[in-house]
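Below: a set of structures, written as structure tokens.
Shared between the two complexes below is chain A, which has chain B as its partner in the first and chain C in the second.
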Partner chain A sequence: MSAATYTISRSTPVSRAAAVAGLILCLFLAAAPWWAGRADLRLMSEIFLYLSLASLWNLLAGYAGLVSVGQQAFVGFGGYMLFAFTMFLGVSPLLAIPIAGVLGAVVALPVAILIFRLRGAYFAIGTWVIAEVFRLVFAQVSDLGGGSGTSLPIDVVKSIAASRSARESTSYWLALGIAVLVIAVAFLFLRSRQGLALTAIRDNELAAKSLGIDIWKTKLVVYIVTAALTAATGALIFLQKLRISPDAAFSVNDWTAFVIFIVVIGGIGTLEGPIIGTIIFFALRETLADLGTIYLLVLGLVAIVVMLRAPKGLWGMLRAKVGIEFFPLARRVVKPSETQDGRHGK
Partner chain B sequence: MTLFDSKNQISRRKLLAGAAVGLAAPAILYRTRAYAANPVIKVGHVSPKTGPLAGFGEADEYVIAQIQRLFNAGLQNNGKTYTIEIITKDSQSNPNRAAEVAAELILGEEVDILVGDSTPDTTNPVADQAEVNEVPCITTNCPWQPYFFGRNGDPAKGFEYTYHFFWGLEDVIAAFLDLWGSSGADKKIAGLFPNDADGNAWGDPKLGLPPALAKAGYTLTDPGRYQPLSDDFTSQISAFKEAGCEIVTGNMIPPDFANFWSQAAQQGFKPKVVTIGKALLFPSVIESLGDRGDGLSSEIWWTPNHPFPSSLTGESSADLANGYMEATNRPWTQPIGFKHALFEVTADVIRRTADLDDPQSILEAIRTTDLTTVVGPVNWAVGPVKNVTKTPLVAGQWQKQGDKFELVVTANKHAPEIPTTGEFKLLS
Partner chain C sequence: MPLLELQNVTKAFGAVVVADELSYSLAEGEALGVIGPNGAGKTSMFNLITGTFAPNSGSLHFCGKPITTLSAADRCRAGIARSFQIPQPFSGMTVFENLMVAATHGARDSISKANRHCLEVLEKTGLIDRANAPAGSLTLLGRKRLELARALCARPKLLLLDEIAGGLTEHECRELVDTINDVRKEGVSIIWIEHIVHALLSVVDRLIVIDFGRKIADGDPAETMALQEVREIYMGVDADG
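Right, the complex of A and B next:
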């Protein structure tokens, strides 16, 4: 047979079914304000916000190999931009969120130029140092409460919508929207030419370089896109919290340690991993958080066990066994006679 | 329907939805129970039980169990008996978590009244959630300025749903001046204020300690706000030595104070009086300083010698402290009184509310509170600003008696109803 009769397939029956089910589920979730209670809406919003943080960190660490422990810099920056723009310039919170995203990208550029000079463990520590610098800088801005922090004026919150239920629905849709946006951006990015370069870098940086991929530029694009979306997510997070202080905004535990836990548990370097990880994290938190320090001990134990038993995370283990993929990212060579089942043609 | 018909395929989305529904199920169960035949009033409580502020929540378990036993018998309201359920949540000393659990209590448990205590990191996020979600809220155990101005409060407008009782900076300044005035130390003061909610309020050039000290004829050496969890106080110590300070004051967290105090010893800075807010509240901290803990002084908000009995149990402050010490084998701490008082006020409000189904009616009952609790009178008709009322404050010193440290009240000029229990001694 000549090579021309072979085709390349990316989707599989499972992934096509997942796409349809995913679309239906998105619509179902978008209708949540009509079927879920207020507490459920709030919890689901938080789940979506963590899901987007985890997906973004996964893109950064799992694909671009940029293991950052300083993403709280952009979460906090986004939160502070929301407060600054709404309180001092009277911008609507809904508009302040994309503004926070754009400004996140703007500050990410000089930060990237600085820390991309570092590699491996030095890069990780560098990102943390940058986040601490952000925290200390915002602690000096007395108009934003300095080290004490400040609350979002009630009028600003009420400007989103007049009625309480409309406000709650809006903030829920924003959280769902950002999670869908982040996953869509990650998916489309990975399927693009840039994404192919990224996957090559993930698998072997030296080989990728020898094939002529501009590693520095590819990583820079990922870093800046991630920073922008992380800042927008941060603005949304603090729109829910209503109060910001440097320690809360730049908390390494809340915005990086838990996020790394989610990604590592779920499966780093896959789009499905952060979703599984987020579900596990919230299932643990909702059942165990009242136990105080025991809760944190359990989290640590789970992380250790998963890292030892399933180093590629739960999704990685499942995929190795069953071979399914909901997000069609891999390419498969398909023989003309075998167009229906792409799974074994890999 | 479409979501459930294709049973052999588990999509990630379905898993997500399943998990979300599973997580939400408890909330739905609670909601139906709230309208059961036996009327239940739910009180949500948020405080730090783990993390750096855990000292404030140390007595939670004991105090809340005691109150819950009383509440199980029910409270009378308009001739009807209501069961009161307290649901307490841990803020983990983290303002993010405090906001989250407050929202869970409001939205998930649908509490009728939200209460919270201990430091602005707890009271402020809890009160903010209550204000936006329109739930009556009572907080305590945080000076009122960081609570009120820290939340962008406007004295002309105040807040609608959130009320607070504690003392303020003016009280702590007055109590400290009273303490120092009789000490005989030189009027040269060293100020240590961190860049956090309390430190900024205490060191504020308009509303904090600096103008009050100047007015009382003291000279203050203030080297500026330091970053909390500093490990080096050399520059501050040398500035204090140069200015010849004999009194040290400020508001610190215990690890910062321990650092400062051991470095002061190493560098030969020997003040005669050390009066620090927040750091020196707990016996465990003083004991950890060893002999260097003897003679340190602090503000005192509650002691077993406070002359007010509990409006809920009738027991005296001493009974309350002894009960705790017997049950836990630990020394008493000041938050015990305020935790107890918080639920005294809550019970009183529930008894007096005209219509417990109406938050506005609960707010009316809060506004018209006039109750003497174990920490003193609580009455929102009298207060420095709307939403705030003050309880009495004195000052005193940790003194080693035998092999144990006792907190002795030595200055009570502004709250003479609270007896002094000893004489102030200068540090050797």
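Right, the complex of A and C next:
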């Protein structure tokens, strides 16, 4: 049989069904302002924003091997850019969000040149230090409220939409939009030739560079794209909160620790993992938050148990047992006679 | 103009000298065999040619251009591909995807061109039935074939093979020799480090012997193997060990 008779398949029956189901789910969620209450919309917005942060951190740590504990630098930076551009330059908040993203990419470049000299644990600590530097810098800006922070002026808020319900719907759609955008970007990136390079680097750096992959450049691209989308997400987070302060904007707990929890329990290095992790995180939070510190103890316990029992996360465990993937990244060689069953050949 | 030229290449790790004033050149289309005892610096020489290490002194030229300061990735793109003595698969990726990495980044083929080339190489190297298997699940023989297949997908002008015949049966070894001879016919130059001397001699048209990082012989394979110095150093160590 000659090579010409083989074909390359990039989807499976499961993934095609998942794509249809995903589309229907997105449409259903997009219609939420007509079927959900005000509190539910707020909660769902928050879920989407966390999903976005988690998917971004997963791309960074799970695929590029860049274990950052300083992504709050870009969350806070994005938030502050939203406030600065709307308050001082009169830019519309909707336009300030992509601007925050672009500027996030711009500041990520010198940060990357600095911290890419560090490896492993030193890299992680380095990113945290950078985030602290960001926090201290923004605390010095008195026009943005200095150390105590500031609120978004009422006329800026009203420029989003005239009525309160229209503002809440817009804000919800933006949160849903960024989550969908982030997952789409991650998916398309991983399916591209850059995705091949990134996965190769994750598996074996020595072989990757010997086969023509520029490791530094590949990681840099991921770092900058992640920073841009994290900053845009940060702008959206503080558009919802309407108030910003250095401690809230650059909180390692809120924007990195919880995000790592989500990715680790969901399944690092898979696109499905952060989705599962986000659902579990919010399910725990909504049922246990009234318990105060016990809630945090339970979170820690869940993380420990999952790491011991399922080191690849809940999705990793499920995938090993059932062998399905909703986001098809694989390139399968199909013989003309072969029917696909969506599983890797053993 | 030689395809590859090493001039006084020297590399030491502390007191351990792995390459000592190494100089030789390789003509286009030539197949060069490399032998020497374990620890002689043969794999280190590959690391210097591919850019895994930088030399302490000396220079390397490829296609007439200096490559001494180029990164490993750039050298691969320039046309130097290698197989690793200890296989280095991308374990989490399938066999086919391993090849696609080399084709899309080493050879910089378009996706459709890469797909076709990788399928051809999979058939040529007998891996087509394992195309969708995770590379980590391959046997040692499978991994060695993958090393060769992946290097070929980078469309090299110079192919470096590091002990690729070790552990193969006589039949498998003959198949491998046939594959390598086919590659040569396409005009690819080869440097092959190998302990299985009869396999090596059925491919190469020149042989160099390395010991303690120094080149101690260089010439016609049969004549080189017959040298007293080579018999003592090479066979002597082999018989003891």
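In this text, the second predicted complex is superposed on the first by the 340 of 346 C-alpha atoms of A that agree within 3 Å, B and C clash if a C-alpha of one lies under 4 Å from a C-alpha of the other, contacts with A are read in each partner's own complex, and residues count from 1 in each chain.
One rule holds for everything that comes next: a contact is a pair of C-beta atoms (placed from the backbone, for glycine too) under 8 Å apart; a residue touches a chain by one contact, two chains touch by 3 or more.
Computed from a predicted structure; not experimentally measured.
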item	value
A:Glu286 touches, of chain B and chain C: first, second, both or neither?	first
First (chain B), second (chain C), both or neither touched by A:Ser163	neither
Partner chain(s) touched by A:Ala208 [first = chain B, second = chain C, both, neither]	second
Touch count on chain A, higher of chain B and chain C	B
Which superposed partner A:Leu196 touches (first chain B, second chain C, both, neither)	second
Touched partner set for A:Ile8, first chain B, second chain C, both or neither	second
Chain B and chain C footprints on chain A, overlapping residues	none
Of chain A, residues touching chain B in the complex	14, 17-18, 21-22, 24-26, 28-29, 36-44, 46-47, 136, 139-140, 142, 145-154, 157, 164, 240-243, 245, 247-248, 251, 253-254, 272, 275-276, 279, 282-283, 286, 289-290, 292-293, 326
Contacting residues of chain C [partner chain A, same complex]	50, 52, 71-73, 76-77, 81-82, 84, 88-94, 96-98, 100-102, 104-108, 111, 115-116, 119-120, 122-123, 128, 130-134, 137, 150, 154
Interface residues, chain B side, partner chain A - complex	2-3, 6, 9, 11-17, 19-20, 22-24, 26-28, 31, 49-50, 89-90, 94-97, 99-100, 103-104, 107-110, 120-121, 124-125, 128-129, 131-134, 146, 150-152, 194-197, 199-201, 225, 227-228
In the complex, chain A residues that touch chain C	1-4, 6, 8, 193, 196-197, 199-200, 202-204, 206-215, 330-333, 344-346
